Every structure is written in structure tokens, then in C-alpha cells.
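Look at the two complexes coming up: chain A is in both, with chain B in one and chain C in the other.
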Partner chain A sequence: MSNVDQNPVKLLELEGVSISQSGREVLHDVTFDIYKGKFIGLIGTNGSGKTTLLRAILGIISPSSGHIRFLNSSKQGRSRNIGYVPQKIDFDPDMPLRARDLVALGLDGNRLGISKRKKSDKLLIDSLVEQVGAADFANSRVGELSGGEQQRIMIAHALISKPELILLDEPLANLDLRSQVEIVTLVSKLAREGNITVLISTHDMNPLLPVMDRILYIANGKVASGEVSEVVTTESLSSLYGHHVEVVNLKGRILVVPEIEEGGFNFLRGIPGNEDH
Partner chain B sequence: MAQLGSVFVIAGFFSSYPVRVALVAGLMVAVVSGTVGTFTIIRGQSFAGHSLADIGAAGGSAAYLVNIPAIYGFIGINLVAGLVLEFIGIGRLRGRDLATGIVLSAALGLTALFLYLDTIASTTTNVTASLLFGSILTIQGSSIPIILAVGAIAIAIVMVLYRPLVLSSISKELALAKGIPETKIAIGFLVALALNVSLTAITVGAILSTALLVGPAAIALKLTRRTGRAILIASAIGVIVTWIGIYLSYDSYYWPPHNHGWPASFFVVAIIFALFVTVDTIVRMRRKYLVGKRPAKG
Partner chain C sequence: MFSAFMLNAWEISSIVAVVSGVVGFFVVQRANAFAAHALPNGAFAGAAAASYLGVSAVIGLSVFSLAGALAIAGLSRRTRSDVATALVMVLMLSLGSLFLSFSSGYAQQIYSLLFGEVFGISRSEILPTFVVSLFCLIAVLFLYRQLIYTSVVPEAAQAKGVKLAFVDLMFLLILALTTTMAVPVIGTVLIFTLLISPAAAARSFTSKVPVAIMISVSLALITVWVSIALSYWTNYPVGFFVGACGAAIYASGRIYRSIQSKNLNFGEANSLHAL
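Let's look at the complex of A and B:
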């Protein structure tokens, strides 16, 4: 469902970005652009560097070389208003925090002191709670919510500050298939309504296929970007992994099949990016 | 007759100077503990709080040696120890139980030495018991200003950092992404924690410090879904329990063995324990019977 945009506006560019963590290079010479209003899937196996890339865009970590730049803006990295849904947070069931309080923290969690919230802020919180379909459990403790409910709250938390860009790190992990579809549909709907750019990481691209404009495929510290039809091909992914990978389209679901070596499947080598980075 | 007796005891209670000092100190310490303690639990730093109290005992006992109020010794060493803990990394601390255990025993060993020197150097009776297990009724009136000042600073730190503190307690990543200087917030909170532990140490003693720090807050967390209310409830529980402890300690002067008051710390800790068990049981029962029902408001 790629939009035919005649004049896409560039929001962010990464140029030659390499990132090392504890002496190991997690990302190597990564270059790509992100355009406004696009829904981008960041696909890669566990440990392939997805979180590292998202944290670098947020400005929490700095590249060891190359640069990450937001266009037409003096605000970079952590001074920017970027919505963020980190990997699953383990909420303590005893944590005295209602779901709506977590949404509210997205609005003013970085402010010092305590003050009574304005009426307009309360209405904004209510409206976000409503938009993500969380009205029924807004007054429950966050720690008592199901995984899918927590993700809805986190999405409201990320969107309430009206960011241009929202980053979601594996929001579909640990969710059943139905909740996965619901979350993807919700993010895509809200993003299109608000013209918000979405970068969402997942190890399984299939739930994103109906809504994804572009794909960033990450493997072996390198990234390939483009339309799904350009990137997710046997040739392109094989070159990214450095060995043969077969892309199969099975009834609309795209499967990336590990190579078959002599002597049968070699799962450790065969499953791309599974070297436990 | 019995009634007349208790009226007499209560009147005597409030006219006693040590009691009035204890009530004021107890009030402040309980309110600080409700405030800082709630965050201590949320941030998973109860263990750090306990470590600080153990280490602080060395400072408290050293203060007796040089004849200054114990509170100064506790504050001094707790602030230093708190910053060292942050430097080592509170998160890693729990995992390194061997190293932590050795540091804590070293501090307690130092406490043992100082307490020994205290007993041979001074005529003060029972320094050991009052340092380790507290003696709120022996706090000197001259210590009240420092207690109030230290308490006010600890509460002010938490109030100023309130929202970033909540956010970073939920997830460091969330806080970092919002541009919050997470490390500075963590250090700020640790200073508040160090001050708080110094205060609890002089009321219920270094060893029982954690009970007052996290006990009322642990009860409060079970009773409310809101952080602000948890702080208020924890403070209220702390104040009531501390005052009951002071009263019973005063009253126990007439209990057997006669003319020897029971320690207030015992009552404080015992009531907190009983209250926690009761509340926990009730909350569990309620959850069991209200499965699946969602609160409408609150």
C-alpha cells in the first residue's frame, strides 16, 4: 500500500552510521533516509541491532562514526520530541500508577516539580485514552493490564506529545496474532490521521505487510532499505546476509527461508542474524 | 481506677520533654520515609536503602566517639556511601552479593570497633542498643532543627524530581527518550535516600531503619493505584505507627519489668509487620473474589 508521493519530504537521514558497543560493531556503515508520513518496518532477527538503531535515532547513544541528522531543524537527538515505545516493560503489579497516569507522563513526565494539571491537558489525556481504545482500563494499574492493553497505553503515551516521528521497538512481541493485527492497525490509523512517521521494529514482517510503505531490513550489522518488493527478494537478502537466502511468498505471507547446506539445515548459520548479536 | 490511671499517663506523656521531642522527630522522619520510601520500593532500591543503613552505623558510632550527635555521623557516611553505590551501579549491586556482603560486613566491623571504644571511653549507657535499634525517646531537643532541615531537604528533592522520577522508575529507556538526565535524577534520589536512612537510623536504629523506610510504603502500595496517594497514605501510616510506638514505649515504663521502658522501635516494627500482613491478606482476598472486575474510578 505504498503511497505515490510526488514530492516526499525528507525527515531524517543516516549517513555512514557505525555503532560499536562494548568493543563490538553492532551496525556498520548504515545509510538511509526517512521520509515524512511513511510507515516503515524495521525488520531483523533478535540481536540484529534494531534496538541499537532506534536508540541512536533517539539520541540515547551516539554513533562511533557517521551522522544522524533531522532535516530543517536545529533540534537533534534527545532534544527532539520523538514518540518512543520501548521493548516490553515489566511493570510491577504493585506499581501505584494507573494506565491514564502513564499516558499523562508522555505529556509532562520530563517536567520538574508538581502542579495540578490543566483542564485542557486532562481532556487531551482522555482523548488519547479514547483513541487507543483504552477507556475501559484507563483507571486500572498498568501492572495489571494484559500485554496488548499495555501496548495501547504505551502508544498513547508516545503520541500524546504530538511527535512527528514515533519509534516502536518490537511492540508485537509476546502478543497473540489478533492483538498483533489490532496494534498494527491502530498505529497505522493514528499515524495517517496525524501525518506521523512510524518506524516499527519486528522480527516478523508479516503483520506489517498490509500497512508498510517502506522496509528497513537489518542483518549482519548492515541495512537494506526500499519498498518491500525491492528489498525482500532472494537476491537482495542473500547479498545482505552474505549467503543464500530464499524468499518465498506463501499465500500472501512472506517467508525468509534459511539456506540448506550439505548435511541438512544448519540453523545457527542458516537463520539469518541468529549469531546472537 | 484504671481510667484515672490512663488519663494520668496521657497527661504525663505530653508534659514530658523527651516525649515531645520524640513526637516531633517521629513525625518528620515518618513523613520523609513515606515520601522517599514509596519511590525506594518503586525503584527497587530497598536493598540499597538497607545497605546504606548498615554502612551508616559506622558513621553513627564514630559520632558518639567524638561526642557529636549521631545524626551527623549517619548523614556524613550515608551521603558518601550513597554516591559510591551509584557509582558502582545500584542495578549491579544486587547481582554482586558477595562484594556487597564483604563491604557491608567491613562497615559493620568498623561499627563494632567504634562501639567498643564508645563503651570504654564514655559513661553513656547502652550506646550499642540505641545505635543499632534506635532510641527515639533519648533524642536531644537540640537535634530537632537538624532533623527538620534534613527531612525538608529530602522531601524537597523528591517533590522537585517527582515526574521524571516516576518515569525513570518505570523505565530508564522511556526517561532517556524524553530527554530526562536519568543519571542526575538517580543521584538526586540517592541523596534523598541517604538523608532519609540517616533519619530512620536515629529513630528506629540502623538495623531496623529499612522497616520504617519501606514498611509503611509497602502497605500503601497495596491500598492505592496512585503514586501521590501512596505517598500520603505511607506518611500517615508512618506517623501513626511511630506515635503509637512512642506512647507504648513511654507507657511500658509501668509494665514488667517495672521502671524499664520497652524500646519504641520494637512497637513500631511490630505494628508495621502486623499491619502489612493484615492488609496483604485483605487485598489478596479481595482480588480473589473480584477477579476480572475493573475499577471504574479512582
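Let's look at the complex of A and C:
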């Protein structure tokens, strides 16, 4: 990654982007750049507009003002090749679709007609399945897999079209701690190997801290960005969250710990029988 | 059993079964079962309107089912699609009851559309049915990958440039055409059976889409063939056998899947639920 740092190549540019949905302004005057090869965390609470921002970058929704520009690419709008792992989907367990078939949809699911897959396509599907560690369950029904297994398949589905940029929307939600670490490690490894830029949204930044290069923090319709070392400090995070947050170093790992609200104790005190007499 | 008029019944029911097996797979896969119920019922109302206006029932069927498909697709963009479907269906049914009240003299003809008249099909009806069926099948093949992609991960399909609203609308139009073609043959009530049961059962027998579609078509064909043969021998209505076969096929699919299932307890609970 160090060679990338020395010659930063701008991949994506957002300039004064505002997005309104059903009369409400979800994002206001958002400006930031994304550089090639970076692993970026998009941090914000539920409902802060993370998904809206990702959908705008994908070209699914258009900004009401400002523009989103892809550099080094003549292709704009929906034809841009961006990998996308949408927010948790409920797969029907009875659906007759194997895990590897879902990976294959990332290759040609958007085309018309029936699939005529070449030998090279099959090898590509096999190699993606292998890379995300899904070989053991590639022939199982997607709907019967665990949440972590489904995420691996969705990552392979997003990467099979060989995108420069991959967007993951809350891929760690609903996963146990071990699966969270596995998914983060996998994405970071694949991104480094393929020189793929990653934008990953989450409401909990702890699992990303070991691998994240930059943070995009989103709150009240506005976005702030910075290096992890600048943003992840007790002062800076506390002011972003509007709530005291402690950044601690535990055995060489940086962790972000929110302080329990005093209101919580007041609430307990308010319950009959808990009052101080 | 293979006399001239019976030959018409075999041919037309086979055509309807093939299309229902294919279109039905996507009805179940795309969770459009309610639309598959609403469109034939709405089309039935169209036949009542056609009878009142003195035009061919097929015109009434096609106008109402296509208009219903457009209305469901349009309203679904603004409200929940099950609510949109229900609203369109009750509107069309209420129009149907109005037209039926105007044309009491011909009501018998219209009521026959409820359960169809597979034994009353004339030679001249086979070619148009065949042409419409072929058109539906070609349309499904044309949209094949997008129909699947948008039903599995719609957001990802959208990100790859697939227009969700367009695919939804196209599929509802295909369903409307299937309905128009099948209602005179097996009726508004039973087209629903033929669209849902074979496809739902087929999903239990395989984990591959193309294989599931082939199984769905085979089960639909078995359903109509067995039903016609049993009806011929027993003189009980075809509709009874189509419904009964549909239920039996679905139950056998669930039982098969529960036996296949690794977790025995889970499987038993499922098969009990299905029965």
C-alpha cells in the first residue's frame, strides 16, 4: 500500500452533493475525494444516510445538486463498474439457487437472454468462490447458509466483475464477533491483492480499526473525512458523536468505547423502590 | 379418450401447462402469487364486460388483464405491492359484477370461465393459444437473467443498471397474457393452481433454476394429463382433479425436501406444516 500512498490517484470525487428524498434533505453539501487502493470506513448511526450516499455513488439515485465524478473512467452513471454488497438480504431458504449461482449473477445477471457461460467463466466463478473461502458450501442453497457464509458469497458476487471500487453496506450487522473479524480480514486481503478501493459502511467502527485507512463520518446530513489517526481520538470522536467517547489502547489494539449515559442511572433512580431514602 | 374433440383438449391443455410451468416458476420466485390470483379474476370481469358489449370474450380478457397488470405495476411504485394488487383486483371484480348484472341472459357463458371448458375447446382456438404461448415463452427467455437477478438481490441488480420497475412491469404483462390465454381453457380459479403448485413443488426437488423450470413444466403437464384422463373416466369435473393434483404434488415436494434436509427435526416440522 505504501507505493499507492506516494502516488495518490484520485478515483472518485464528490462535490457539493445534496440529496433529498420525499421532501427531506438526507445529505447536504457533501464534498470528499476517494483515492485508489484505500480502505475507507463510512461511519454513522442508523438512518444517518449511509445507504443513500452509497446508492448515489452507484448511480441508482441522482443528487439534487452537486456532482459525483469518476476519474480515469469515461463510463458514467449506471454503467460504472462498481462492486456492491447491499444491506442484509433475507434469502428464501427454498429458493433453488446455489451459492455459486449467486456469484455467477454478478458476472452476467444484468444481461438479457439466457446465460451461455464459457469455460473461462466457470473457472472465474470457481476462483472467486475459492478466494472468499466458500468452496465447501458453493453448491448449497444460498438461503440455507449462515449470515457469514452469505456475506462471503455476496463479496464474491461483487468482485467477480473485477471492479476498481467496492461498496459494502453494513456487511457486519447481524454477524457474531468472530464472523465480523473474518469478513473484515477477507475484504481487506482481497482489496490489497487486487488493488481495489473499499468503502464500507458500519455503525460500529471497532471491527474496522485494524485495517481502515480513512474514515468518512456521516451525521446530520453532513460528511467529515480524515485519516484514522486524526479522527479516532477521544476529543474528535466525542465532538462528532455529540456524546463522550473514550478511545482506548488495549494490548496494542485501538478500541472506541462509548461512556454509559448518566441518564441511565437517573432512570434507575426514578423507579419506585430504587430511590435513595 | 383420443377422439377428435378430446384431441383438442389434450393439445390445448398441454400448451397451457407448458406456459404455466415456466411463467409459474417466476411467479413463485418473484413472490407474485397474489398478482397471479388477481389478474385472472380481473380478466374474468373483462369477459363479463365483453359479453355486455357484445364482443369476443378474449378481447375482454386481454384488455382487463393487461390493464390490471399496468395498474398493479404503476400503483406498486407508490404503495406496497400487495395492497396495490388487492385494490386493482377489487376494482376489476366490482366492474365485473356490474357488467354481469347488465347481461343476465349470457351469464352462463361467463360463469363457464370460472372453471374453464377444456372439453369444449374448438379447433380454431388452438392456433391463437399457441401463438400467445410462444410469445410469452420468448419474452421470458429474453428477460430470463434479469427476472432472476432482480428477484434474488434487487439492489445489486439495480446497481448493475437493471431497471427494476421495467422488469416488474414486463413480467406482469407476461402474466396477464398467460392469463388471457389460459382462462378460457382451465378457468380463472384453476390457472392459479397451475401457476403455483408445480412451480412451488419444483423448488423442493432441485437447487438449480433451469432444472426447477423443467421440473415445474413436467409437473404441470402431469397435472393436466392426469386430470383430463381421470375426469374422462369418472365424469367428475377436471377442476377438481387439477386442484387435487396440485395439492398432492406440492405435498410430495415438501416431503421430499424434508427427507433431504440434514436436520431431521426441522424437516419433520416442515413436512407436517405442508400437510
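The criterion applied here is as follows: the second predicted complex is superposed on the first by the 226 of 277 C-alpha atoms of A that agree within 3 Å, B and C clash if a C-alpha of one lies under 4 Å from a C-alpha of the other, contacts with A are read in each partner's own complex, and residues count from 1 in each chain.
One rule holds in what follows: a contact is a pair of C-beta atoms (placed from the backbone, for glycine too) under 8 Å apart; a residue touches a chain by one contact, two chains touch by 3 or more.
If you're wondering where the values come from, they're calculated on a predicted model, not measured in any experiment.
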Could you tell me whether chain B and chain C fit or clash when both sit on chain A in the superposition?
-> clash
Once the shared chain is lined up, is A:112 touching chain B (first), chain C (second), both, or neither of them?
-> both
So, does A:84 touch the first partner chain B, the second partner chain C, both, or neither?
-> both
Have a look at where A:94 lands relative to chain B and chain C in the superposition and call it first, second, both or neither.
-> both
So, does A:136 touch the first partner chain B, the second partner chain C, both, or neither?
-> first
What is the contact status of A:250 with respect to chain B (first) and chain C (second): first, second, both, or neither?
-> neither
Return the residues of chain A at which the contacts from chain B and from chain C coincide.
-> 58, 60, 78-79, 82, 84, 86-87, 89, 91, 94-98, 101-102, 105, 108-114, 139-142, 157
Mind pulling up the chain A residues that touch chain C in the complex?
-> 58-60, 78-79, 82, 84-87, 89, 91, 94-98, 101-102, 105-106, 108-115, 139-142, 154, 157-158, 161
In their complex, what parts of chain B are in touch with chain A?
-> 38, 41-42, 159-164, 166-167, 170-171, 173-180, 220-222, 224-230, 294-298
Listed in rising order, the residues of chain A that touch chain B in the complex are 55, 58, 60, 78-79, 82, 84, 86-87, 89, 91-92, 94-98, 101-102, 105, 108-114, 136-137, 139-142, 157
Of all residues in chain C, which touch chain A in the complex?
-> 29, 141-146, 148-149, 152-153, 155-162, 202-204, 206-209, 211-212, 257
